[in-house]
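Letters A, B, C and D mark the chains in the order given here, with residues in each chain numbered from 1 onward.
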Amino acid sequence: MRDKYSVDDNGYYGKFGGAYVPEMLHHNISELQEKYLSITHSNKFKKDFSQLLKDYVGRPSPLFFANNLSQKYNAKIYLKREDLNHTGSHKINNTIGQILLAKELNKKRIIAETGAGQHGVATATVCALMDLECIVYMGAIDIERQAANVSRMKMLGAEVRPALSGSKTLKDATNEAIRDWINHPKDTHYIIGSVVGPHPYPDMVARFQSVISEEMQYQLEEQTGRNFPDFILACVGGGSNAAGAFFHFLENESVQFYLAEAAGKGIDSGHSAATSILGSEGIIHGAKTLLMQTDDGQIIEPYSISAGLDYPGIGPLHAHLIDQKRATVFPVTDTQALNSALMLTRTEGIIPALETAHAFSILDVMDVEPDSVVVVNVSGRGDKDLPTYKNHFNF
Amino acid sequence: MRDKYSVDDNGYYGKFGGAYVPEMLHHNISELQEKYLSITHSNKFKKDFSQLLKDYVGRPSPLFFANNLSQKYNAKIYLKREDLNHTGSHKINNTIGQILLAKELNKKRIIAETGAGQHGVATATVCALMDLECIVYMGAIDIERQAANVSRMKMLGAEVRPALSGSKTLKDATNEAIRDWINHPKDTHYIIGSVVGPHPYPDMVARFQSVISEEMQYQLEEQTGRNFPDFILACVGGGSNAAGAFFHFLENESVQFYLAEAAGKGIDSGHSAATSILGSEGIIHGAKTLLMQTDDGQIIEPYSISAGLDYPGIGPLHAHLIDQKRATVFPVTDTQALNSALMLTRTEGIIPALETAHAFSILDVMDVEPDSVVVVNVSGRGDKDLPTYKNHFNF
Amino acid sequence: MNRINAVFKSKKESILNIYFTAGHPKLDSLLEIIPALEEAGTDIIEIGMPYSDPLADGETIQASSEIALKNGMELNLLFKQITKLRQTNKIPLILMGYYNQVLQYGVDKFLKDAASAGIDGLIIPDLPMQEYETQLKEKFIKNNLGISFLVTPQTSDTRIKKAAALSSAFLYIISSSSITGTTSNIADGQITYYNKVRSLISNTPSLIGFGIHNSSSFKKASLYADGAIIGSAFIRHLEGKKNLRSACKEFVQSILS
Amino acid sequence: MNRINAVFKSKKESILNIYFTAGHPKLDSLLEIIPALEEAGTDIIEIGMPYSDPLADGETIQASSEIALKNGMELNLLFKQITKLRQTNKIPLILMGYYNQVLQYGVDKFLKDAASAGIDGLIIPDLPMQEYETQLKEKFIKNNLGISFLVTPQTSDTRIKKAAALSSAFLYIISSSSITGTTSNIADGQITYYNKVRSLISNTPSLIGFGIHNSSSFKKASLYADGAIIGSAFIRHLEGKKNLRSACKEFVQSILS
């Protein structure tokens, strides 16, 4: 029996996914489609991948029983600490995998898009480690609001190219990266930073991130005596941290998936990135999925205070999970997320990324029992967002 | 037989150490002297400490074989990744230990000094976790040059009080913290951030940090087949990261200890913190040790670009190690440290703290054999120093 | 017979296909541009449906799309403009756009409305051949609409053959792997590539596009295919021009002269 | 007999000990301040040796130390000033400073030079009693120098007894646990503490210090010990005063009146 929530041979999750790319990318995409499984399943790859995750990234990331939060919300709350990874977020799991793949494919030049800069930093990092040229596309607005990560990328030797079109954020950076790839069809690998893009990216990125739920299984077993939780909470931009946190529980329907998407200034404000609520089926960046668009198929410029969630689409896996009611989505406004960031900081001494903070806002609205086991995926740390926090809270 | 390099019953390492405190602190200090060993040796403490180190701090920190560095310097170079700890440096090992101790002593109010802000953040963090009031003293100059960490402390709920006297740096913050403790003799515990201060602080902090070398032993065994290295390199402000990295190898004289101290603008420039070279025996912050002072016993205002090394003294353990020629000290200038920071970033994809960068400069001048096993203690990450790097390198 | 096929039947070489973006520079510029281009000797016209995220396109076409959308261009309006135009003009018209535009409009409705407005063919760069073949081909035929698929120097031989076989309008040969708007000259490696394509597609009509920007590059390209497509260079030429009609004429003359 | 012991022998209550920092406000102000204080009725004078890092001291004394050091005050000079002063003045003089200053100068040399300049006793807040007892006591006796140890509300009974026994000058009773320069009033809890100290130390002379700042607090403190020590309040009083002599007189009168 086929798994209900895995990608099929054509790159689809139910009706979502596929590879809608111009011919100029066909060669690179089909090369990946053909090779990604055989390469990543080879023993050499598995050994290199897991060794770098251990010795360089610092995995396993802890599963921390958050006593104070648990008391506050009257449930058993565990935090999966992706914020402790090298470079400060889950993004590095994927870039380690993709850089090893790129080496196997003999690519000499790496490109990436980035929103919050975490994926850009993670990519620049693995490029420094592997001594490969690195170009990161980043929306001009994001370059301003995530300045620390821009400095990090440059210090790491990457070139940061501003995307000046559209809303000058993640979507536009992705367009520019795709255009760069079209212009460099031979020597370049494009390290996409989330479970978006044409097949095989969503599946490939989800697999690299699946280490999160792999660890969660035995960590939960150790700490709760049962190797799965009742709820997993994660924020969703494209959805890679969520995909990684859900992966090994996809077919276990006793685990409920709660996604936080960016409602910006409010769902009805015209300034949000609440894709699942405001979006409809369509194609963005090479995949059929849910996206925010006009009746005429023009993609709507999204808004969120959080650069990493400021994206008008969602990965096709998540579109499928939502469509199948396997996952529930909670819209979280800028203000709610900011408050949750402060709440977590003061309650547990952990300053989360603004993206991550959205996931914690779910705790304020969800129903739990005192013995419910809730895992919140702490996708990243908040160092990059300090200026925003400082301004907002007037420190 | 007594160990040659451990503290004696009176709190001395050879001729260094002791507790030179005004009577106003006597009660608190002797309470600590009497209780620190029994508390920290209790099973409950050991369990809580190691569990928090694992699930909250993210220990063990990896020992990463740095392939690129090894090739560059023609030796086997391993990096002990304290930069991956929660809050970004080794400082949290100590604050976890001390906050558990403070709870055991029933203290309600925590004070700390901080230079680079890492210890302040680590203290503010454990105070948030344990719901204790937290006041951090920080030199006015350091508040400016480590602004990110100031935001972090405030977000964590700590009050940051500027030290306006003297050179307005770490020494002066320590004076203010001591004065605060004098003024709050009952309810307050002072979490010192390094292996400095009156006995039992140097020994207590070294023990909390000794988890670094404890892990190194089995990690080296796994990776090299031998449970000790030939060299350990660490930077030294007060010396806590170095003490932690050396601890379990103190009596093993096949392990050579290399310390990097801040030579600022040059040893002869009048702007440095090269304590071991420019210092002499004396008392600072309650301990007899090496410090920079005038003939009249006035403490000389130190200088280093690195706020965490900008201190005119050194822990008494290190004074003893240096005195006994058990450790070798290398003076490292601002410029050398900055270059090493960039070198490490570009070579291994790791942006170190400015403090840490000093340790890497030793690689440029030390003699090694190709099969020498060299461990560099990566005491912290460089996020806090990005503005300095950005300005200096013109990113 | 479809007007595009008719052109290739009647004219065997140096077919000039000019691209521009609907709604640019003014919302109804199309009504001036198309007649002028036709009059000046253009063989086929490719009308870009402006898109918010035209990821196969370079800066020139991106900018024109952005302006067109700001001007208020929409598919409904575009179809109305074409319907009006068709009362007097007969030149083959191709719509170029992204698959999402077609999907949102509704595939069936899109094909019907395009055809009844007088469109002859479509170019949808991100429509997979397989999806066309299995889900759309019948509908294209029913609506008498041609389609063109793209090939690049990276496209495999089998895939070139397949693209040619499915391209009921003409095969779109991309000069080099790049987005639109580059202006490099034809290099030796490309000639090998063009010759290879020609040998694989037997007598499928073909045009070379991307980077064609003046008379010499147009003529050179026409040596290796039935003609060529010019887009960005034409849009750049229109920039700042008061009189669009004479600008169009001027441009086509400069290419053909 | 040491001059300090003599004071306590001859005067049984309300002994006034005034502290100020050597070299402040001017480098040689000491030469004016001491005679003026003596003349006005001060019983003992405590001279602060300015220190770079006076960690038991509050803002007032810190600031005065900083100025004194900037003025160029050094131990050699201080001893010279005192030697000069001693030609005409007989008031008991105590040096207060930090242990590091003594260590750097050299313990033996320091005690010898201090004694021969005419100093009667020392207060070194960070000198451990144990270190005094085992390493320094003999030397103090040899140089006929008294010493005062401090006790605070946190000091244990045994330790109070020990401090009293070692304090060859007088026992320094710190009013409340704090650094210098606070100005809180004497509270009920403190009275219990003072009474306890008195009962423990039998007839060791004692002075209360820290926070004594005016006539009423001086008198209140004098109820529970042989007198009191005023530091910061005196230094604050000198601030901005042109005529130091009259300022000193004024201050002492205000306390004693």
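Operating definition for what follows: a contact is a pair of C-beta atoms (placed from the backbone, for glycine too) under 8 Å apart; a residue touches a chain by one contact, two chains touch by 3 or more.
Since the structure is predicted, the reported quantities are computational estimates derived from the model, not experimental observations.
Our note on geometry: subunit B versus subunit D, Cα centroid distance of 37 Å, whole angstroms. Averaging C-alpha coordinates per chain places the centre of subunit B 67 Å away from that of subunit C. Rounded to a whole number, the gap between the C-alpha centres of subunit C and subunit D is 97 angstrom.
Listed for subunit B are no residues, as none touches two or more other chains. Not a single residue position of subunit D touches two or more of the other chains.
Taken pairwise by the contact criterion, the protein chains link up end to end in a single open path, with no chain closing the loop.
Every pair of chains that touch is listed here: A-B, A-C, B-D. Those residues of subunit B whose C-beta lies close enough to touch subunit A in the complex are 54-56, 58, 61-65, 68, 81, 83-86, 88, 124-129, 131, 148, 150-152, 154-157, 342, 345-351, 382-383, 386-387, 389-390, 393, 395.
Across the complex, subunit A is touched by residues 51-53, 55-56, 58, 62, 66, 69, 74-75, 98-105, 125-128, 131, 149-156, 159, 163, 174, 177-179, 182 of subunit C. Subunit B contributes residues 18-24, 26-28, 165-166, 171, 175, 178-179, 182-186, 281-286, 293-299 to its touches with subunit D in the complex.
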